[in-house]
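Working notes for the structure below.
We call the chains A, B, C and D, going by the order they appear; numbering starts again at 1 in every chain.
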Amino acid sequence: MGGSIIGERFVAMSFGESHGKCVGIVVDGCPAGLPLNESDIQGLLDLRKPGQSVVTTQRKEEDKVDIISGVFNAHTTGAPICMLIWNKDSDSRPYEIIKNIPRPSHADYPAMVKYGGFADYRGGGRFSGRLTATLVMAGAVAAKLLKQTLGIETVAYTTEIGTVIASNITPANIATRYSNDIRCPDPAAAEKMKDMILQARQDGDSLGGVIECTTTNLPVGLGEPIFASLESDLSKALFSIPAVKAVEFGSGFAGSKRRGSENNDLYTTKNGKVVTKTNNAGGILGGLSNGMPLVIRIGFKPAASIAKTQKTLDISRKSEASLEVPGRHDPCVVPRAPPVVECVVSMVLADHAIMAGLIPSVLR
Amino acid sequence: MGGSIIGERFVAMSFGESHGKCVGIVVDGCPAGLPLNESDIQGLLDLRKPGQSVVTTQRKEEDKVDIISGVFNAHTTGAPICMLIWNKDSDSRPYEIIKNIPRPSHADYPAMVKYGGFADYRGGGRFSGRLTATLVMAGAVAAKLLKQTLGIETVAYTTEIGTVIASNITPANIATRYSNDIRCPDPAAAEKMKDMILQARQDGDSLGGVIECTTTNLPVGLGEPIFASLESDLSKALFSIPAVKAVEFGSGFAGSKRRGSENNDLYTTKNGKVVTKTNNAGGILGGLSNGMPLVIRIGFKPAASIAKTQKTLDISRKSEASLEVPGRHDPCVVPRAPPVVECVVSMVLADHAIMAGLIPSVLR
Amino acid sequence: MGGSIIGERFVAMSFGESHGKCVGIVVDGCPAGLPLNESDIQGLLDLRKPGQSVVTTQRKEEDKVDIISGVFNAHTTGAPICMLIWNKDSDSRPYEIIKNIPRPSHADYPAMVKYGGFADYRGGGRFSGRLTATLVMAGAVAAKLLKQTLGIETVAYTTEIGTVIASNITPANIATRYSNDIRCPDPAAAEKMKDMILQARQDGDSLGGVIECTTTNLPVGLGEPIFASLESDLSKALFSIPAVKAVEFGSGFAGSKRRGSENNDLYTTKNGKVVTKTNNAGGILGGLSNGMPLVIRIGFKPAASIAKTQKTLDISRKSEASLEVPGRHDPCVVPRAPPVVECVVSMVLADHAIMAGLIPSVLR
Amino acid sequence: MGGSIIGERFVAMSFGESHGKCVGIVVDGCPAGLPLNESDIQGLLDLRKPGQSVVTTQRKEEDKVDIISGVFNAHTTGAPICMLIWNKDSDSRPYEIIKNIPRPSHADYPAMVKYGGFADYRGGGRFSGRLTATLVMAGAVAAKLLKQTLGIETVAYTTEIGTVIASNITPANIATRYSNDIRCPDPAAAEKMKDMILQARQDGDSLGGVIECTTTNLPVGLGEPIFASLESDLSKALFSIPAVKAVEFGSGFAGSKRRGSENNDLYTTKNGKVVTKTNNAGGILGGLSNGMPLVIRIGFKPAASIAKTQKTLDISRKSEASLEVPGRHDPCVVPRAPPVVECVVSMVLADHAIMAGLIPSVLR
């Protein structure tokens, strides 16, 4: 089906470009009868939008969602839900330069080759981080559906920025993760992260980081062996987020260094429910949810757009060129990414919950 | 399409169980005219099969591939290629115990719940590492196709076992990676890894590790934004391998700690070709191949089957139970995994190369 | 993927409702570099739109296409193309009555049950003939692509209205099929058909009919056995058009009454090209195009909306009810259907031509 | 996904060739817990197999099904079910001649072009009617599933052979449709049909015919608008059967000649259930099942293989050639087709019933 579609039963098709008329997404497979209006989506979009704090780009985008199909009398109808954001504050003039001079570590060069120069390069076009707004719109519907039908909730938060690592992550401070600009549950670490980002910006540079995501109340048995394991489908969706370069579940790479007797999770019961004493599996065994919290860690590379002048090539002439990356950019995309991760994970889980027959086709 | 199918143009459908009659896979979308016979596949199967060395399970499986459709006059016909291995050396009796007593950190418990007790639990059934033999069969076809049409080659090798980390990895020693039991290019590290595995086995325990995979000669522009980015589809396929819990591309999690100016790859030319001076992107930008070598690191958890007695539950009675995991097992699955990783990566790349129109539907 | 998506390489996802904000479609997989603007689509939409003649509904819909993504510098970019029509002349008030009282032979009743009363019933909602405008938009892109790259052309025309059957169908009068209101190549039959429709309308009744569709310049070998035979995918798409109840290829049902020696098409050469002396196969053998013109006949039922009062049920009370179907309707949908059929067939053929590797991913 | 796969939730992938080692099919998505063994499938295969009567080919094929995965303890496990038939009575020598000389109205010529001469042409290879045995295997599972869970039953029977048309078709004689060689409910017509077939064979010729198929106990609301309408998916599957050239639902082409007031089905109640007084819709409105019996008519062309010498071409030399079609053939394939049609329809309905959430993923 190509690359613009994701999901099997809760399906989304993305469209739009960073500096085109709009960015949008069509969601199909949402059961009829879910109460839904723009405000259910706008809240999450607002947490993602730029211009909110000193650590993000100062570009202002209103990012107002418009639902143009699939909702009637304030409920989903079972028909495809098309949601879009009309682009407004885009200034495409600075991007003329990158038509032939690819920005280092952006998609520009391979996109030039792949699309023979026809791709809309303005603002990164189809490869822009702006497209994550479409993931938020689709995922906001999924998140509401999962919450209302199965009580499933997904939270994502910053745990690392550059070399600063959060500690002291508790359910209580996860709940208030959006109260600081970094979206880090550990307020002390958040302060240091903020300083580090501001310093990087001052240096004309950028930073990367890590987001952790946990989901609670997952039923046992989501995931379809072999190729639609929960890890498979979650990673596929997460790697669709620009700048994500690493994904691990549970103890992940750290677990690779352990012995089985250290990493195995032993079964016991808690309040009559089967649980494991540890959760090194991150809630997934054999590609299936095992009823424990889903735990994912996602590594973001440092933003490729930096203010420093970089050496690159003029592809049209295959000659060296120097480039100051045009446009207004985030010195670190991680603080804007938690709502994106929450929404992407929700989309995948909604898809699997419907596949597993756990959500009816009409919510009465 | 559920979980048994992967790919869009080079499509594979898996079937079979660890202790059933066979394990098999049907591949569709391979162009007509590729010379193919059993020996093209058997070589890779032999590198995966158990019983080869002191670090693997002593279980003997002949693992002889049988091509039962899609090949005529020693060439592919364009029709689906069904390949299977008849199961032989399986002893299912020890597995009766796990019908109700799930092995820690195996799929047993979620599979019980998901399939209501109907799943074939013998030897792990559908969740067994034995199913990776089907990935090898499909991927061997893909690898041959990629090599013959585009000169693309994928190599995977062990870089970590437990806490031992290989260094000194060069093209030359990668080429001889299969010359030691660990499949590690660094012979000195391989020796330490072997000792560590033997020690773990002696302790009734197991180990995990890391495999690195590199692909050369990839054309620019493979990958379909947004949801079929090369990272998306590769990670989806890699997480279908049992025991994989982490995947990163290029500088991965390490890159998350860097500044943009350190992590960005600057363009230059080499022999008239556009290249980057570094390859922190691991060959993928914006989800598209950029012509540099593809670099992936894959984290495997320690084998869940250990000889030590573990505490678990009898699910039928929700009472505590002690379990000695039945069957004969690998103290570390990593040394058998490189051919699996090579084949899985080849499947995904063949799929994308066909999607991109780079491989004709008939090879003349 | 549910029912809103069609195609594999040239993929379309439909959204919108008859009386919602808009009807739209997103097309993905169109190669980059195809010159495209709204006028390429508007021409075909205009041939479909209502209010054009005495034989169609007097409802006025401007049906102006808006391309909101995927086109840059007047060429396709390789990104998804979202096209929509904002709804304007919709009067939903008359439809309140059908919320509980289903119109005979419309989708109302099964849709009520399927969507638990949440479906948008206004104007038929998602089941309205208005949705065929989205097929025209997607198909117009496909038709242009096929024409420009392979010279493939598809024409559809009315051959039967009620009991009037056209004869004397020649390439010359097919070329002028849009010159009469019925879109029938046989002008004399067209007059009789027009009278018959006007008589039916005067009687508060409606008529059905048959459309024939032929495609020339098809390359040999389109179609993917077994389940994506050309007949399979064409019929699937054609039965997505409301009111279509029958599809046949070549000699179709008439061929079922013949002997093999009468129905077989014998090979010969013409200008050095392999052709058949007759074309009872309608251009398809074994599900593959054989290089002869594709010939399809499509049967439309009489429009279900008639002015006459009909007996039906009030579903909410399971009591008898009489219904005068609300809204303004076509006494016969067939004259508006030829552009829809042309576009639907073009979509399927574009999909198969791309699958067969006959259209490159960039048009230079 | 190419052409070898059908279905979305109840998915089947076909493999094998007429004269290769086997023909087979893998079914995925069948719920766990369905009692299943070979005899559930063999009964339907036996009704399809050749050599049963004077009106079929005298070729003997045992056609014994072998289930090689997905069944454990005589129940489905939820894993893919691979079923195959090992080919036995195939004599490939006569087929050497068609390597370059295509049989008229067979797939030979387009297959030669499409696969560049690499296709397995023996016995028609992948295009052989023998592949319908795989449809029967998959559909037999679907039919059992539908019967056991929802009481849905599908019956198909011959209504026309050449110019002989059955009348007097009643539920009672439909129930005994397999009691005559023609599988025609009208015994008097069956006699005439038999004579007509024997005469055609004696003349070195062949005949076509029509099969009608009805399904009872369908729940209301199966079908997914727009592109997975029930008509869309049923026709797609039915046109995968070799020799099918026409499909109509309910009043079909005959309805195209009627007025709306004649063709509309008016609602009423029967035993408290909503029904229609007539069933011109054939049980489908707006692409959704409406609770009335599904009624489909399927037109088969006369068998392309006839004993008479036919003029054709030697493609390798583009010169005229005369051909006596090699092999042993049916003078009319229709009498062997009813079980195939029943099974194909069952596959589609099972897929839709699962999609609609009407069949649980475990049958307890």
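What we mean here is this: a contact is a pair of C-beta atoms (placed from the backbone, for glycine too) under 8 Å apart; a residue touches a chain by one contact, two chains touch by 3 or more.
The shown structure was predicted, so the numbers you read here are calculated from the model rather than taken from an experiment.
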Rotation angle (°) superposing Cα atoms of subunit A on subunit C, nearest 5: 180
Pair exhibiting more inter-chain C-beta contacts, B-C or B-D: B-D
Centroid spacing, where centroids are CA-atom means, of subunit B and subunit D in whole angstrom: 39
Chain centre separation in whole Å, for subunit B relative to subunit A (CA means): 26
Cα-centroid distance, subunit B relative to subunit C, in whole angstrom: 46
Numbers and ranges of subunit A residues touching at least 2 other chains: 1-5, 8-9, 14, 79, 114, 126, 225, 355-356, 361
Complex contact set, residues of subunit B against subunit C: 8-9, 79, 225, 355-357, 360-361
Residue ranges of subunit B touching subunit A (in the complex, touch as defined): 1-6, 8, 14, 102, 104-111, 113-114, 126-127, 131, 160, 162-163, 200, 203, 205-210, 220-221, 223-229, 231-233, 235-237, 239-240, 242, 244-253, 255-269, 272, 274, 276, 280-282, 285-291, 299-306, 308, 310-313, 315, 318, 320, 355-356
Subunit A - residues contacting subunit C, complex: 1-5, 7-9, 11, 13-17, 20-22, 24, 26, 28-29, 32-33, 68-70, 72-73, 75-82, 84, 114-116, 118-120, 125-126, 361-362, 364
